[in-house]
Every structure is written in structure tokens, then in C-alpha cells.
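Consider the two complexes below, in which chain A is the common component and chain B and chain C are the respective partners.
== the complex of A and B ==
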């Protein structure tokens, strides 16, 4: 119960007029930053660091402002995923799979509301987990060596079949493409550049944010251009309906077990340094599809397909704070920025942080709770406002999407080279959509491929090339077992679902399902 | 000034506008100042830009706020190429640099670029390297660890936050060389994404030793989770690290300093160069910066102007030598 009294002290710190105001500003800015494609939580937080400095904020208020932005962005990312089929940030990637189909069915309002509730559930329970489990969870992070990480990523790829319900071969092709793109850049284990063609811009590899914005946002613009004026094809969005603004109680109840499972999975993924929110939302979605998708409705606008990744990625955002605070190891790009901020404020995260700076830690945690309620209160009524985006005729909306994409990407790296890479990805995305190849596995390949490779190589270096090290620990064996089950089970069960799908005569195409 | 001859050579024959007297006030007035951090927000370079920019603003050395631009890519290579090719004549621009910059310049990892294409301004401190093991490890001293490596190189895996050939790796090799280990390639090094991740893997028991900067390990040293075998500094550090012996004390002449500093465009005017050298010197001396250094675990390294330039040249040469030995460059 010591945690509770500390938390009460934390609320005393957080509940000042200034801190509440900062949380409100942070939540609002974060939601917008998250919703804009290209601007994700990590650049959102980075942009606001100078603001925190120039306002002369102390450590606690500064952290409150920045973590509110962080949580806000995790909420906001879903908005453009659902309304435009463009992920606002990388963890919102999976939300496009069911969110956009829901919007196309005229249920955009419902999708936004459900995902808002799921986001709340995910981050609320993750924050509770942070309060009570942080010291324990650090031990979990220490169970993961390179071999275990490799098994974890193998598990993620083994369940990739869940992403595209229709054509597994195309999903596999898309994954391979993503993995191939992930190989570009300097190889950390030898220091040798690969596929960089002597181009210094490629030494750091392809930034997945550039890939996401190109593949999703720009290709959307290209498809609109292709169909300009004739009102057909995917670019046409004016007929996307708004629907009811609040989800029915029955739908929420159906989503409750989904949110519960996804929160746990997402939180654990967030706790593991290097895995982060994207893996959290991904695992939440694929496992939920495996567990709950008895009718084969995932990928076609199932509310649970929206709730799962949103609960997962928001829980992961809370989980990622565990290794950052307790070990000083950032679990994601955003926590890396927060970590730098902490260091700049003379706070050394690490095993002693909870003892040395209890006011900062508990004030922060209390602020997270407050931010979370603010976000829920802000997001649900604003659903009606957000969906009005869909009223904007595509001829105005698409140029805005293009503009935001270019500004966002240029804002991250300040490099025109990245803009060209983005355009290349835009064309690639357009081609892939034409071929009905799902785009999500491409991104996952880029996102997880490097991590998977470097952990394999680390494990091999440590063991002097002995492959059995990959199966040496009970945890690794467990992960491999789940991976095998996750890979084999859908093949066995899938036949039944396939038959059903043929009966309902749905068009194939996974993430890019068209009307 | 005596450095005019040096610059004339370094700048590849670019004529100097005039010879300045050391006492003269600079005629240069900065306008909209900018600091390029050649990496994404959150890293060491970003920290250097933002902290120095803030200190300069507080001290009134620059007008208004210094703008920080993140120009990531190529481990700083994108920013270096940009400054050399497109912004060579700017007077209001400085760029954050560190040992990592010198390492990549030494290894030719910035294609077509060399250190004499820019002007080196000054340092703002240094982060000395450490070599540590888990608190429970039976190993007590650096020579003991190195004996173990000598006896069976595969028995000790070093984890560090930089890529193979990067600074964390080179620090181990500098220590190994001092310990008489001839085959640098036999030393097992595992690259992780940052020092924090590397320490975590040390605690998890995946690796046997950690190589990194003192500041990266501070939290774990305070908590007693790791045991610092040696500090790669000329003398003992102050504060929390005072109880840890240097490598030199243990008979291994190994030093590894990750300095932080700035360079400026090669075509910057002498007036502007002098202005920035002076501004960095004043920043370094200020109480505010001394406090930042103490907080972030930076040790003193006070070099400006030509002294700094010579220091960078020396560290580039040294790194080139080690890199050649381990086969990173031919």
C-alpha cells in the first residue's frame, strides 16, 4: 500500500493549476500531432522540448507536458487511420485494418468512439500496472536476452498471417519486401553499409515513418489523382458516412474481453525495451483475430479489430515508461526523447529513480491518470468534430494530405532526400494497391526486421555461432511454442473460415479492400 | 594570430581575409543563430545543441533563442556533407560533434569528407569511458578481465551501445591493446542500440562485460548493480565515480574520452569563427555550464580554437590507427 500513499503524494504534486493546464495543452496538442500523418509522438515530444525549456518549467511540469503529448498522440494516431486509411503514427498502423472499413460502412463515428474507449482502457490499466508492477516488471525485461528477443520477433512474424485474411501469399510477399527494405543501411554488427550505394543518406537505413507516410498517405493521393473527377475508386471518399457518434452498449460489451486481453499483451510488449507500441498493437490485433474472429469479420470492419490495436498500443505506451524510468532504457523512440529530457533536467533514470526523485515519478504517474481522463473527455465529444473531416471533398482533402505529408517528413529530418524516398514509397504503395498486396506487412517487415536480425546476430556472436542458444532458455522455448501454434493453427482452422468467406463472396485484398 | 598559417593549410588554400590580433574585439554580430544536431532528437548531439544553446541564450551570448535543427542521417554524415557542400559560408551556424564524429571521419564513413573541410570550434566537456562487469561477477580488476580475454577470448562478450568499429568498441580495443592482446579481432564485442540497452543485457547475464561512457552507467553505478573495473581517464573522476580506479592505476595505459564539442562551416569568416570560439569558451566557464556538466556526468575538457583543432586531428589519427589494426579500414 506504500504505492498508494506515494500516488496520493503524486496527485498532490500534479493537481496544481499550472500542471493541470499543461496536461490539458499537452493532451490537445498530442491528439493533433498524433492525427497528422508524419508527425508522431516522438517528433511531437521533441518539438515541444524547446517550449518546455523556454517556459522555464521545472522537471515535473515539463514531464507532465511532454507525457501528456505522448499519451495524446497515442490517442490521436487512430483518427486518421480510421477516417483516411492513413496511420497517424506507426502504432496506429493496425487500426487501419478494421477502422477504415468501418468508416466506409458509414460507422466512422462508432469506430472513433470505440477506439477512444479502448485507448482509455489500455492506458488506464497500463498506468495502474506502472504503479504496482514497475519493480517486478524490470525483472521481466531482464529475462529477455538476444535469443529471447529473436524468438519474440519470430513469433510476431509467425502470426503475420492474421493481418491479411484473404491472400496469404500476397501477405508473405509484402513481408518479404519489408524485410528486404529493412536491410538497407549500415549493419551494426559489422559496421559495413549494405545496399546504400555509397549514398550517405541511406547509411541509417530507411526510416519507417517515411515509408508509412509514402505507402499510405501519398499512395492515397496518387489513387485520387488517377480517378480524378470521375468519382470512382478508392480516392472517392465523400460517401463515407459518419454514423452514430456513440457505440451501443452491446458493441462495447462485445469488445470488453478484447480490450482486456489486448491491454495485457500491449503492456508486456511495451515493457520490453526495443519492442514498443508497434509490436504491442500488432500482437494485440493478430492474437485477438486468432482468439475471437470466429466469423471471419476481422479486416472487414469489426469493432473488435479497432478496439484490440488501440487498447494494445496505448497499454504499450504506458508499459514503455517502465524500462525508461526503472532502467533508463527507452522502450520506444518517444521514450528515448523523454529520457533525454530527463537527463537535461538533471534526473538520472535508473534503478534508484523511484527512491531519489519520488516527487517526479509519482507526480508523473498521477499526471498520466489525469491526462488519460482528460483525453477520454476530450476525444469522445470531439468524435462529431473529427468525422467532419470526411465531409471535406477529396479535391480539398487530398492536397492537404499531400502537404502535411511533405511538411511532416521534412520536419523530422530536415532532408530533401527523405522526401524523395517518400515519393518512391508513394509510387510503390500505389503499385501494391493496384496488385491488391496488403501494405501493413511491408511496414511490419521494415519495423521489426532490423530488430529481429540484430538480435539474432547478437545471440550468435555471444554463443560463438552455436545455434542451440536460440532454444536454450525455458522462456525462449515458450515463445517458440507460441510461434508454432500461431503459425499452424490458422492454417488448420483457416479452411473453415475460407469456406465461409467464399459463401459471403467478399472481395480479396486485405488492408486495401475496396468497395 | 599564429593559427592563420594552419588554417590556410587546413582550408585547402582558401585565402584568409586578414590577420586578427588576439585582443581585438570581433566585428561579427550574430543574427539568427542555428545549431545543427546531426541526429534525431534524444541523442547526445541533440543534448549538446540544446543545452549549449540554452546556456548561451541565458548568458546573453547569442541574440534570442538558438534554433536547433535535427539533421539526422549517416551517423552525422548527412549533416557534415550539408555543411560542406551547401552551407560552407554561413557565419551563424554551429554543428554538434563528438568522438563519434571523429571516429567516422577517421574511418572514412562520411564518403568524400575529411576533418579539414570544416573549422573546429571548441569542446564543452568529455565523457570518459568505463569498463564494467555485473556486481556479482568474480572479476575485480581490469587486468584480471583482460587476462581472462587473453586466455579464452570467447569467454568474455563485451556489450556496448555503438556499432562494431564505433567508439564503445574501440575503447575495449584500446584497453585490450594496453593489456598486450595482439589480435584485436579476437575480442568479442556485441553491438546494442545504445548504452542503456547494453547495460540491461549485462544485468540480464547475456554478456559478461560492458563498455560505455561514465554518464550512461551512472544510474546503475549508484544503485550498485554494476561494478566499474576501470575508468579510461588520465586521473580519477570527481563525484560519484571517485572511488573507481583508472586503467592507468592498474598498469594499463588506456584512455578513452568521448568529447563533445562543435564545428563550424569551412568558409566561416575569421571574425565569426573568433566570435564562436569565444562564445563557447565563455559558455564553458560559466557556472551554469559547470552545473550542467556535473549533472550529466561530463568531465572537464576545455579546448578552443586551434588547440581543439589539433586535438581533433590527433584523435582522428589515433582512431585511424586502431581501425586499421582491426581491419575496419585498409
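== the complex of A and C ==
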């Protein structure tokens, strides 16, 4: 297989002292970020991007660092789900259902161990899936012209809300907001300034990183200020014994079919646009409950109920990298952040990436394999360390988050103007979250707006102004059809699915405590 | 802000409509140079403006349930934090990273529930900690100020 020999080259890239060290740091930071309620993978990665730039890392090392954080966050999210009944990030929500009951029975250590193994299985096999699926998708992507790319961007935005979206008008509103912000600055093709109102600082456009750090990280600080003292989001300590942190062989064997099924489901959910890790863990849990819960023990501390969502969300995280790398179109907030970093490093993901920068792609994939083993080691024997980190109360954590956000943005540009813009985005993020307008379409719009427009204009230049070119090929028609279905479907079934995921209210850290 | 159901969404939709109108108007004023592609720099922004207008209209006509707005005191709290962060951004080049960060993070920590004196200690610790990790160890350039730190 050609993929395997490429992968071998990738290991040569990844196995340098620097890259191994970065993967280790990334895994460690990622697990902490995932474990802390209120710091999800997307804002965690976003705060660290400026750091990767300021350190002057090349594309491959930077990508290794940040994807290790991404994978690590997927592992870490389960820790507070199990111990505190607060998901460390949104995908870990389903893990609370059986993880916390297990902790209350004094089997927290067992739950942590099983979920650690399940996370490993999910992301390990998803990374294998990435090795084989991404090159296949690249073959398809080579058939894409500008018109197909334009349709693909439309598809990405239309499906972004996911099937759990309850209000598609708000998803469209968020997309328009993001795309609109992307238009600010000098037009790349004709050189005329747009929407910059004579302000020189705006000629370069609004930096994606400034927007995302403001929208995600700073708005989190405001949410915590709003909720201070009312109990939610505070690091309430679990008065539960951890117990032994080794999974028994019998339990593992019992969970093996669960992990296998959940990995496949999660991976597929991750590859599909607009689904992502939250849906992966949800699908894995509910289908496992339907298939395997014969004694009605799910929800009461069944180890399989911990293994399923963790294998599912980690597999989805790996799956989500497939469209990001092969097509250059991310399907989730965190992969959007990773894409932003690549673009900022002058690397355009997509089919050409595999041809022009195979070292980046395969070095990254190899690093992910290595990172997985590091994470397994960190998350089973060393999990006690992360449990202690969880006890940092928000009153100290949130100021650190705010200050590190400022440090990161200032480190890139040294510009007070950018810091002001970031504060504005922080307030905007808080208001939008209160109104339940999703933030991911906003950042994706800011990130992809100019690419989308230039594909449209290129297609129209080729066709000399004939708009029907956008619907001229069967491939483009197919993409438009999926986009329409993906946008309309949630209007019909979204409320029901959302209710079943019982994410009725966005509390700090996206957490809803359910007892 | 705690009126009948959906008031906030109606306001959001209204603001969105105004914004869309302003955006489309601004788009039509974009100068077009002599050499331009068939689409030009105006069309895509106008499409975005229309998308914004339509989605705003739907939000206005079919509002969701009213979100839980904080009491006026908490809103003032958030506003004050915004003021402090803006002041922090402006003070950075003037007084240097460590001093500005110590004050800003002490303030935030205090408002998030730390008692005043421990909050000052936390502020100083956070500022020094970030300075050591990001500047001395990782070599990131932080705002220098008159004293060089």
C-alpha cells in the first residue's frame, strides 16, 4: 500500500527529539484543557496557536503540538465527567451518564481506566482510518473545480449546525456574521478596500485568531463572572474515592465489542460534515444502550456506558481530521482552528497538500499514533495528577485564561488595536451564547469567507459571468443536494435529537448537571 | 430585559436587519477598479447581506424562548470587567506586562470571588508565573514598558 510507505516516511519526520517533545507537551496540556470545565478543545487550541507562532515553529511541529492538544482534550474531558458529573467539554457529556454513578459507587478509578482504554481504542483506530480514507478522499477532491469547491463550502456551512441544531435561522445568522466579518479588508483580487471605513488597521482584515480567542476564551470569562457564586461551574470537589486505577481484564473483555462498535460509529460521525465529536459520543452511547443493555444497567454505572461514548468521541475526533486535511474544509470548531493555523503558515490543506507537503500530512499522522500511546500512559497511571489539576477553582483559572489570551494575541502582533478587537469579540461571544446563536459558524465564516468568495469568482471568471456554472457538474449538484438536505433535516428532527441529548441549557463549560 | 417570551430574539432580529441594510449599502459603495472579474468585489458581500437579512427576519418572526439574563448588577459586573480589560490593553505598552497583568488578574480574581488580599497575591503570582513561563522559558515577547518587564 502506498499509504503505508508514506506513513513510514511520516514516522521518520515525527520521531525527532523536538517533535516527540512537542507531542508530549501537547498531550499533557490537552488533557488538562479537556479536564477543566470551561476550557474545551477549540478554545484550548485557539489560545495555544499564538504560542506556536511566537515560538517560530515550522508547520509540521506546530501542527503536531496542536493536534496533540486536540487529541489530549478528547481524553481529558472524561475526567471531570466521571469525578464531578460536569463534562470537561461538550463531547464528554454522555460520559457523565454512567461515569458519575460508577464514581459514586467508589469505582471512579475503574471508570477512569476503562474510559482511558476506550479513548485509546477509539482514537487509535480512527487514526488508522485516517491513513486509508484521507488519500481516497483526495482522489475525489482532485476532481473539484472552483464551482465544486464553492458548493462544498456552502455544504459545510449548511450542515454545520448538525442534526442537533434547534434553530437553523440562528445558524444561518451566525454564518452570515462570520462571512461578513471576513469581507473586511482589502479585496485580494482587485485591491480595493472593503468595509474598512478608512481605518488603516482594518485594511489587513480582522485576524481570525483575534476573533476566535475573543469569542471562545474571553466570553468564557464573562460567563463565569455572570455565574459567580451560584454554584454552577464551580469546582465542586467529588467526595468519592478513586479506587484502583487498573481495569480488570474481565471488564475490558466485556467492553471490547462495545468499543469496536462505538469506534466505527464515532469515526463515521466525525468524517461527515457537521456532526463532530458530540454527535459521535451521543450515537455511540444510545446505540450501545439499544444493542447491549439487556439488564437495564445503563445509566446506573455500567462500564460499557463509559466505554461507548469515550470510544465514540475519540474516534470522531480522528475522523474529523479527514475532511480537514483532504478537502481543506473543516467540519467542527476545533478542526477549523487547526485549519486556521495551517493557512496562517501558508499551507493550504486539501488535495494539493498531500502532493506538495507529504511530510506535513504524514508526519502529523505518525505523530498522532505516537501521541495516542503517550496519552494512554498519561491517562491511566498518571490520571491522579490531572485529578488534582481539576481542583483549581475558576476564580484563579479564569484570570489565567484571560491573561494568556492577551499574551498570545499580543505576542503575534504587538498591537493594542488587536487586543481591543479581541475584547469586542469577547463581549459579542457572550451575547451570542446567551441568545443561543452558535459560535462555530461565526469562526468558520471568518476563516473561510475569503476562500469561498475567491472560488466563486474564479468559477465565474472561467464561465465568463454565467451563474449556471455553479450547478453544471453532477458532482456540484450532489454537493448542493446534500447541503439542502443537511440544512432542512434539523428543522424536522433537530428538536427531538437535541432533547435526547438533554443539552437544554448552555451553562459554563457547556455543562448541564443531570442527576 | 425580562419581558414576555422571545423579546430578546426579536431585538436580535431587528438589529440583524439594520446591520444587513447597512452592510448591503456599504457593499454598494465599494469602488470598482477598471480591471475586474465578472463578479467583482461587491456581489458576494451583497449575498451575505441578504442571508443576514433573511435569517434575521426568521429569528424575529419565530423567536426562541427568552434566555435567562443576569440581574442588572451582574451586567454591570461584566461591563466593568470589559472596561478593565480595555484599560489593560491600553496600559500594556505604557507600564509593562508584569505590572498591568498583576492589576488586571487581581481584579478578575477578586470579582470571581477571591477575598481582596488573596486576590492581590493571586494577581502578582499569575503575572510573575506567566512572565517566567512565557517570557523567560519560552522566549515570547511581552509588552516591555519603561522598566523592561
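The rule is short, and it goes like this: the second predicted complex is superposed on the first by the 278 of 515 C-alpha atoms of A that agree within 3 Å, B and C clash if a C-alpha of one lies under 4 Å from a C-alpha of the other, contacts with A are read in each partner's own complex, and residues count from 1 in each chain.
Just so we're on the same page, a residue touches a chain if its C-beta (ideal position, glycine included) is under 8 Å from a C-beta of that chain, and two chains touch if they have at least 3 such contacts.
Here the structure is a predicted model, which means the values were calculated and not measured.
By the touch criterion defined above, A:291 lies against neither chain B nor chain C after alignment on the C-alpha atoms of chain A.
By the touch criterion stated above, A:190 is placed in contact with chain B and with chain C alike. Touch criterion not met for A:391: it reaches neither chain B nor chain C.
In the superposed pair of complexes, A:176 makes contact with chain C only, with no contact to chain B. By the document's definition of touching, of the two partners only chain B reaches A:349; chain C does not. By the document's definition of touching, neither partner reaches A:4: not chain B, not chain C. Residue contacts after overlaying the shared chain place A:478 against neither chain B nor chain C.
Under the contact criterion defined above, the residues of chain A that touch both chain B in one complex and chain C in the other are 54, 187, 189-191, 414, 461, 464. Of all residues in chain A, those touching chain B in their complex are 42-43, 45-46, 49-50, 53-54, 141-146, 186-191, 198, 200-204, 273-274, 323, 327-330, 333, 336-337, 339-340, 343-344, 346, 348-353, 356, 412-415, 417, 454, 458, 461-462, 464. Looking at the complex, you find that chain B touches chain A at residues 40-43, 46-47, 50-51, 54, 65, 68-75, 77-78, 81, 107, 109-111, 154, 157, 163-166, 188-194, 196-197, 199-201, 203-207, 215, 218-220, 222-223, 225, 295-296, 328. By the touch criterion given at the top, residues 8-9, 12, 16, 20, 23, 26-27, 30-33, 35-41, 44-45, 48-49, 51-52, 54-56, 58-59, 62, 64, 67, 69-70, 74, 77-78, 81-82, 85-86, 88-90, 92-93, 97, 101, 104-106, 108-109, 111-114, 122-123, 126-127, 130, 134, 138-143 of chain C touch chain A in their complex. Interface residues of chain A, counted against chain C in their complex, comprise 51, 54-55, 166-167, 169-170, 172-173, 175-177, 179-180, 183, 187, 189-192, 194-195, 218, 221-222, 224-226, 228-229, 394-396, 398-400, 402-404, 406-407, 410-411, 414, 416, 419-420, 423, 426-427, 430, 434-437, 449, 452-453, 456-457, 460-461, 464-465.
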